[in-house]
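Working notes, structure below.
Every chain is named by a letter (A, B and C) in the order it is written, and numbering of its residues begins at 1.
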Amino acid sequence: MIKKKTKLFSTAVVLTCMALLAGCGGSKGASGGGGEERVAVVLKTLSSPYWKYVEAGAKAAGKELGVDVTVVGPNAESEVMQQINMIEDQLNQSPGALVVSPSQPDTVVPVLETATVPVLLIDTDAKLKNKTSFIGTENYEAGYEGGKLLSSLLQKGDKVAIISGALGNTATDERVKGAKAALEEAGMVIVAEQPADSDKTKAMSVMENILQKNNDVKGVFAANDDMALGVLRAVEAKGLDVKVIGTDGTLEAVESILDGKLAGTIAQNPYKMGYEGVKNALAAINGEKVDKRINSGVEVITKDNAQEKLEFLKTISK
Amino acid sequence: MSQVVVKTKNEVMNGTLKRVLSKFGPLIGLILLIMVLTVLSPKFLTVNNVMNIARQSSINALLAIGMLLPILTAGIDLSVGSLLALSIMMMGIVTVNMGMSPFLGILVCLAVGAGFGWLNGILLTKLRLPHPFISTLGTMNIARGIALIVTGAAPIAGFPYAIQFLGREFVGPIPVSFLLVIVVYVIFHIFLTRTQTGRYIYAIGGNPEAARLSGINVDRVLIIVYTISGLMAGLAGLVMVGRVNSAFPLAGLSYELDAIAAVIIGGASFMGGVGTVWGTLIGALIIAVLRNGLNLLNVPADFQMTVIGTVIIAAVFVDVLRQRKSKKA
Amino acid sequence: MPERGQYMAVRTESLLEMKGIKKSFDQNHVLKGIDLDIKPGEVHVLLGENGAGKSTLIKILTGAYQKDAGEIYWEGKPVNLQTPIDAMRLGIATIYQELNVIPQLKVYENIFLGRELKRGGKMSMLDHKAMREEAKRCLGMLGQSPNLVDMQLGKLGIGQQQLVEIAKALAFDAKLIIMDEPTSSLSAQEVEQLYMCVEQLKKKGIAILFISHKLEEIKRLGDRITILRDGFKIETMPVQTTDPDYWIELMVGRSLDEKFPKQTFTLGKEGFRVEGLEVAGAPEPVGFSVRYGEIVGIAGLVGAGRTELARAIFGADPSRNGKIFIDGKEVKIKSPRDAIDAGIALITEDRKGEGLLLDQTLDFNITMANMKKFAKKSRLIDLKGIREEAKRFIKELKIRPDNIELKARNLSGGNQQKVVIAKWLCTKAKVFIFDEPTRGIDVGAKVEVYRLMNELVENGAIVIMISSELPEILGMCDRVLVMREGKITADLPIGEATQERIMKAATGA
């Protein structure tokens, strides 16, 4: 009896899984249509808003240009090997071109070197000889704009603090460099520069420590929005008036600006990265010339244009 | 209809056939899975893809076979993912940063894994920590911490060819890493079934007191078990470095869970004393085939997790039903 | 009281009646149509070899298994026992060999575990006072002091813990109490106490289904006895007017020549000596010696330190001072490995917990203490050699079923014991210490174990047997050591050993 049940049960499980998969696979295949070029996009993950914007941009480009776009990514940015496997599996299905945002730049080099189709990197660059292009934010520029924005809100000689990302994170390091340059040019006094690993909670406690020593800090530049929001919490808890500038332009940050809390953010343009990625991939497939470096640009978001940005973010994250 | 068919089949089925079925349950699952995926994706059963699966499964397969030993002794090793990271970071420091011989680097990689594994064994047997869950949870965090500290969290890239060989090269169409897996599994099979220590591992898992009173040096065997598990983490790291030509401190994050999943799907018992080398290989292959198949079908990663979770529970549940039955009889 | 229907009146005499009960697992027919009736206030003994179907029958009665065929009547009414709760509601309670108690809780809390009395509705506070009072009443019925109720259960002896379980049964008005070998782990005093309790229960009209292998006990307590063999009921008869030898004949299906096949050999020189050995819990070092050609029994109450002595000799506990000599040569023993290498075997009391790998095959179990022997030059194990050795022992010891691929779990208690013995024979041991070797195994298997001891002695081995069964000690040994509180209090040649003398030395009375 039980034996029978066991077998029925296991068969049922296998079949259910397969039915679900067949459903998913089928729908993807159907949307592909015939005769279109196919571009595979492998991101760091699909499980955070930022990457959803990239995905939305890539898919929008696909729709507009008539390209079959497949966007995949592991469940976390730390799943480095899973990303490598996904790249392998996508290459195995011979797409027209591959767009990749590497979680760990060095790790994708061996597998991407073997690719026979155009490879475009977005968001994060890697030392890949055969890459067609890198499309991403100039992080130095983003930081510089952030520093400029913060200076414009303060008086010359005011004390400011900088919250950087994890040690060795080149993107946030560049931003910090840019911000520093702008702040120094404007004559601000940088009293602290501490890492908070791009983490909101950590940024909050880092800021608390900074305020212990310097409770007359007037402004803070954070190398991403999560840290900026963490800093804001620490500041609010002390009831101080400190201008906080973030970087990235996430939905949460924009909402905070609208609420009059965050002073501003330097938005990266993830949507554009995705869009440009697919657009230039198509160009490469068609043998057109593609620039080796494409700046996806930054956008300064303050109370003036936050509403607009919010609406845009909401439409693309649907 | 189907009821009737099952019944007549059951009647025909003699004891041996039933035993074969229950023994090869995971293999049957794997074959079913392959058949279904072949139908769903035309790319699945191609030489290229099969070799991809072989390569993609090899890191987990190496960790899983190491993990089999602690699980056979009714223990667990949570530290393997972190040991992998620490091993490759140290290898990176020795070969890339310090420019020493790649062979010394390989030695360091394996020695770091084995050394920390040995420490796990010592913590368990000499310090008498109550369960390996605790000791290895501790070393898991320690090793990950050191891996992050040694380079200030920066990755290391550009390894010499000798180190990349295992993870990168092919013999004909077959990845060297998978050949390594096969060799390692054969050695483990012989070790577990044909050596004294191997048999003692089963004995300890089945009944530690009976094993001790039968003259088995339980502590010594446990130390060997955890040392080997750590060594396999180092070896898996070596293969990983070959695949991606870089070492990074967050490598192998939560890999211990995939390794445990492979061992359990392969039919080993968490209670210890039950489990085989080939079952573990099939468990690792089931996970790799599932992931690869789901990738080919462009199933989102979040959904993949759900499927793998379901498979773990289903595999163990089927096993529980089988055991419940055999105990009643 | 439930109303009694017309046809029920016909069956009022029996409390429980089972008719034509059948049960099989897969192709394995365990019960082939068993009838059993139990009257209120009687002690009904169930006797049968292991595998005869006793435990399956009990599991059906307690709702743990469902019968395939047959009927069960309770107080004349047909009943359907689907779950253990059904059986409990009817008033059927079971006292298992392994007690179901929680040592950290107090006695009264154990008695009411899962059925706590409350002051009001479901969610209200526990009524400790009412529970204490009721617990006192139940303990009183068993002749126990009311002061027990507030003791932490784990601090009581096994015997008293068992009485608490019986009190638990009384607390929910059990009418039938099933006792599964209740005396197997009790000391003589505790056994006596249990017997008195059983008498008390009888007087109260409570029926007892008593499972035991001890013939004296059956003779003393039982009213009627039902004998099972191979899934059949052979006969039900009054205990007092029938002969135990006849029961055994029915039970094994043949007549056993002797219960104790004692053989006497010529006494040789001293082969084994223990000097000044420090034993866990013993006040002073212990020493004794054994000569070739004799079986030495170690008697005493439970907790007298006999198992501890055996473990100390075997190096099973952290090492202590003392000397051990085999053939006059001192052997150093720091661990079980040392003991095995020196040629000592310890057949432990707890087969499943300390002797066997239940999920491993017979050949694995039999050879595991001497794996070295099968290591080839290449350091690999000679699997063929292992299988052959195992087959040889299975044949020699008549282990059934004789399939080396079988897991130890699937064997009966008697055959499991033989596997453990085979394991030690495989080590070529010279000194065999048996700790309660026949506990929980049936009469037929017991005789085989005794014969094996004879053979061992005949072939020049030293045999020591720890036992709580005085008849076994008196029936099989040539000399008896009696222990009390960790000390050897008597060393009696069998000619001088009587139950009284042993008990006197064991209790210090």
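One rule holds in what follows: a residue touches a chain if its C-beta (ideal position, glycine included) is under 8 Å from a C-beta of that chain, and two chains touch if they have at least 3 such contacts.
From a predicted model like this one, the values you see are computed outputs, not experimental measurements.
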Chain pair bearing the highest count of C-beta contacts: A-B
Chain nearest the global centroid, as defined over all protein CA atoms shown: B
Most widely separated chain from subunit B, with each centre as the mean of CA atoms: C
Rounded Å distance between subunit B and subunit C, as computed from the means of their C-alpha atoms: 43
Separation of subunit A from subunit C, taking each centre as the mean of its C-alpha atoms, in whole Å: 69
Separation of subunit A from subunit B, taking each centre as the mean of its C-alpha atoms, in whole Å: 33
Subunit B: positions in contact with at least two other chains: none
Multi-partner residues of subunit A (at least 2 other chains): none
Sites on subunit C touched by subunit B in the complex: 25-26, 28, 314, 316, 335-337, 339-341, 346, 348, 353-360, 364, 368-369, 371-372, 375, 379-381, 383, 409-410, 423, 427
Subunit A residues within the subunit B interface of the complex: 2-10, 13-14, 17-18, 20-22, 24-25, 28, 45-47, 70, 72-75, 78-82, 84-86, 88-90, 92-93, 104-111, 127, 166-168
Contacting residues of subunit B [partner subunit C, same complex]: 190, 193-196, 199-200, 202-203, 206-207, 209-217, 269, 273-274, 326-329
Contacting residues of subunit B [partner subunit A, same complex]: 6-7, 10, 18, 25, 29, 32-33, 36, 40-41, 43, 46, 48-49, 52, 55-56, 59, 151-155, 157-158, 164, 168, 240, 243-246, 248, 250-251, 253, 291-305, 307, 310-311, 314, 317-318, 321-322, 324-325
